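Let me give you the structure first, and then I'll get to my questions.
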């Protein structure tokens, strides 16, 4: 479904990604793990079109994505939930979620999608008139997820969805992600919570200093001694 | 450090100082006088606006305060014309004092809000001068002129303004290289970070603001003397305030050379255009200059040439 | 770093060369040739653009006329006009440029307010005759010998004509209470003097006497105050924008004093053109009028009728023309372009302009000239003095038509 | 001091303030959303005023009706200008500064083009109702003020509803609050910036018409207007539509009250002085809330 081939990204003189490749197929839930600054967010942003790669190809459903602008990529069905959630602080919860359905392709179904999001996150329905900035971290993440769902993603990319959340809220978010995948959504999950991530995903990639160091089924990665020492602290 | 550089500058200054000796017409002296004046205004604005990132939109206020203070001192103390020029130094002091009083509350405000507060300040001063008879009133003030040939008096004015410009630029150059200047630049890039780095931001800002008010104050005094008659509209005009900002940013704020280039180019081009083209057309060309320069050199002329220089 | 410095320095040089080039060229353009160069600056853009452009038109009309007649002292005349952008500093610099670089043979006059005040000392220092409207009375009290108001625009005299007429109105019909609103600038302030003098003489009580600063965004409060104090004469001593705002407020609030007297806002053609009927019955003064029987006025009227479709030449058009007439006669009379001789000739002799015959005193001023005017049916009518009256004034002012 | 004077002067102050608010609301949006300080904003307002002047003079079209012509016209022009001038400078390190210098140049150009077309003479917009008034007891509501006020309320409400209720409007707010996330959800920043800019310019046109109903204008009048709209925007909080409207009201009230209580000579001084003090104590404007 999505294949990233040999991507290289530079920030000035510094290479943020070097020849990185990645493969996701329909219905998969794939993990991308790595330390801070290893290039996970950069890869996400390259796929979303926010950052242009120096070389390499990104193929989405047989079509090359390179050079397309973020809004076109959004239209193609790739939706990112960015790190830190990046909600619209001056807009209400409802407005934030509706903004997810901005793209004309999905705008028509917005009312039904909204109903669905509110039924998935009943807590948000009660707070629909509040400003997004006034919510708790967990609730904000739900808004971010809800907003992404409105866009009818075919590939949902989540960047650190549990960052800064209380353990209970984080667990809840992971539950929901798992649920979404069960319903058939393809997901790329970036997280520092390696154990949790590898336990819900089917396949995993490990980025180290801009290079794809390891890849393999999540189960195997969990047993990998290198992953164990570097990321699981075992 | 390139040694040829200061030497070349020194030669340039000497050449400028010697310019009246070749016997140019009075107009050239007057025109150069106004170029120097704008260089002083733009460069001293640059202390707070360019280095510190606090875009003052009311700098004409200090210019005007200097002008009126000089005229007022001259008439109150019955100064002879030559001493009037010296009166512009205490007048600059008055401008600096006002800057100290106003700067204290205003410099706590950041970004565009600071710009608008200073804009309001300029209006308040302008209207105060017009409304209060003691400060000059709406009639304006006349200054006595020197009892010497016109050429001599303009030459004196030229040399004095040149001297003031050299002093201003020396301060500006020094600022760019001192810890003071580094502190200001840190404030511009991120004031909160600067604070955590134990930079006394409040103190630095006030000092820079006061300094940036002093030189326009003195220049205003000389300008009043140059005009012979001053009126609030002539020295407090919002156009002057905006022009000062544009000159500095046009050349490239935050560098000591940028404001000089901006001031020189804009003054010369404006004067030249008035000479060659029909009035409205001249203004349109002048306006287009801003657009073209911004589109091709969005970060100022200095930055553009720096980059070009870096590549070759 | 080293590279940068060199670049910086080359920038410096480029600017210096550019600067030099700009300055050198104009000097080369004008020789001492056969033509007489008359130089100066006018506000062709910016706040005083309207005034400046009319003055320019008046001057150019004069130049065309004299050139077809064979020129001044047998030499054709040519203007060197700079646009000072309504900036006093620029006006001074350009005056010096005209005198010292262009070496103009004659200097032409400027526009009212502050610029004339600053250019007069320049003319004095360079010993150039400066014929202009001057900057009201104060500017003529500075002891300049080369400046002439020929004719001047003198705020201190502006209401003379009107008051002379008002003095002929029987005492019981005269207004009793006056509201005086004055714009806070040299022009406005110069108007106050004659109001003070005459209201005392005519026993009119000044109930409201206030100044305001431009811009006057709204005049409602001013008019309400005047109305509440039952002032039956309104002095609106201002320019066009504030004058219009006040008139509109007066009509909307249905304020009907016996007379409305306006400063210099109502003398521009735009007043009649833009306000139409609402601008009617306003009293003011003037120095020049196409309706005066002085020679030349008919010619000017015919020209503006043909070129600008105006019934009467605008004040500033007339000024531009009249100053040039004065200069022309002085040059012809002195038979030289030597400034001091021209000045001395002017001090001793009489000139005949479209504003009548003028002789100048020590200060460079003629005897006070002013004609009372009133706008009637969109036309400026002369109401005073009696001998030039074109129409009986409409007094008291009719109530606003609704 | 009597009540009639105070209330009358408050009424006209408020009406005037709202007109400034309409003129300022677009300025506020371009500043907030695009970080472009649009110095030529008021010059576009002046173009609106001149267009409606010409339409009234030569076709007898009422200024309010002519807004229907000049507003779309300005919208299209502004779209072109955005592509031509504003978009290239979005790569500047400091968009605020670059945009100020560029639009300052644009303002000079526009002013002198107007001077060439319409000449330097002052103009007054005089529709048939220009000096009539609605009389309610001791109070007078001048028709031009009423119409200008109405146009302003209408314009500001329209902008508010646009931002609040339409997808495009929400995208404008989103792009301003969180440009990155907005892009991820399909917002094309350039397109949104263009719409914002064009919308701002067209409200300026409407604001210019309203202001022309109150005061006379000349090609250089925009310099004066710019100062007032700057104040309205800053007092209201940059990018804040409701705040801008409120600021218009407040400036109107300050002016109105000072007109009633002070010698007129001090009105402008007090207005600017109070605004300066206000800004020192509330540097972020009336409403410190991102969004509307």
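A few remarks follow.
A, B, C and D label the chains in the order they appear, each numbered from 1.
In this section, a residue touches a chain if its C-beta (ideal position, glycine included) is under 8 Å from a C-beta of that chain, and two chains touch if they have at least 3 such contacts.
Quick caveat, the model's predicted, so the values are computed rather than measured.
If each chain is reduced to the average of its C-alpha atoms, the one that sits nearest the average of all protein C-alpha atoms is D.
Distance between Cα centroids is largest for the pairing of chain D with A. Taking each chain's centre as the mean of its C-alpha atoms, chain C lies 34 Å from chain D.
Our note on geometry: chain B versus chain D, Cα centroid distance of 31 Å, whole angstroms. Taking each chain's centre as the average of its CA atoms, chain A and chain B sit 53 Å apart. With centres defined as mean CA coordinates, chain D is found 42 Å away from chain A. In chain B, 127, 131, 239, 280, 283 are the positions where the chain touches two or more neighbouring chains simultaneously. Contacts with at least two other chains are made by residues 45, 184, 211, 213 of chain C. By the contact rule set out at the top, the touching chain pairs are A-D, B-C, B-D, C-D.
Taken together, the chain D residues at the contact with chain B in this complex read 31, 37, 85, 88-89, 91-94, 96-98, 100-102, 104-109, 111-113, 115-116, 223, 227, 230-231, 234, 238, 265-266, 268-269, 272-273, 275-276, 279-280, 283-284. For chain C in complex with chain B, the residues that touch the partner chain are 2-9, 11-12, 15-16, 18-19, 22-23, 25-27, 44-45, 82-85, 87-90, 92-94, 96-97, 99-101, 113-114, 117-118, 120-122, 125-126, 138, 142, 184-186, 188-189, 211, 213. Residues of chain A touching chain D in their complex: 48, 50, 69-71, 74-75, 79-80, 82, 86-91, 95, 98-100, 102-103, 107, 131, 147, 151. Those residues of chain B whose C-beta lies close enough to touch chain D in the complex are 55, 105-106, 108-110, 112-113, 116-117, 119-121, 123-124, 127-128, 131, 238-239, 242, 245-246, 249-250, 253, 280-281, 283-284, 286-291, 293-295, 298-299, 303. Of all the residues in chain B, the ones that touch chain C in their complex are 2, 5, 8, 12, 25-28, 30-31, 34-35, 127, 130-131, 138-140, 142, 145, 150, 223, 226-229, 231, 233-234, 237, 239, 257, 260-261, 264-265, 268-269, 271-272, 274-276, 279-280, 282-283, 301-302, 305-306, 308-310, 312.
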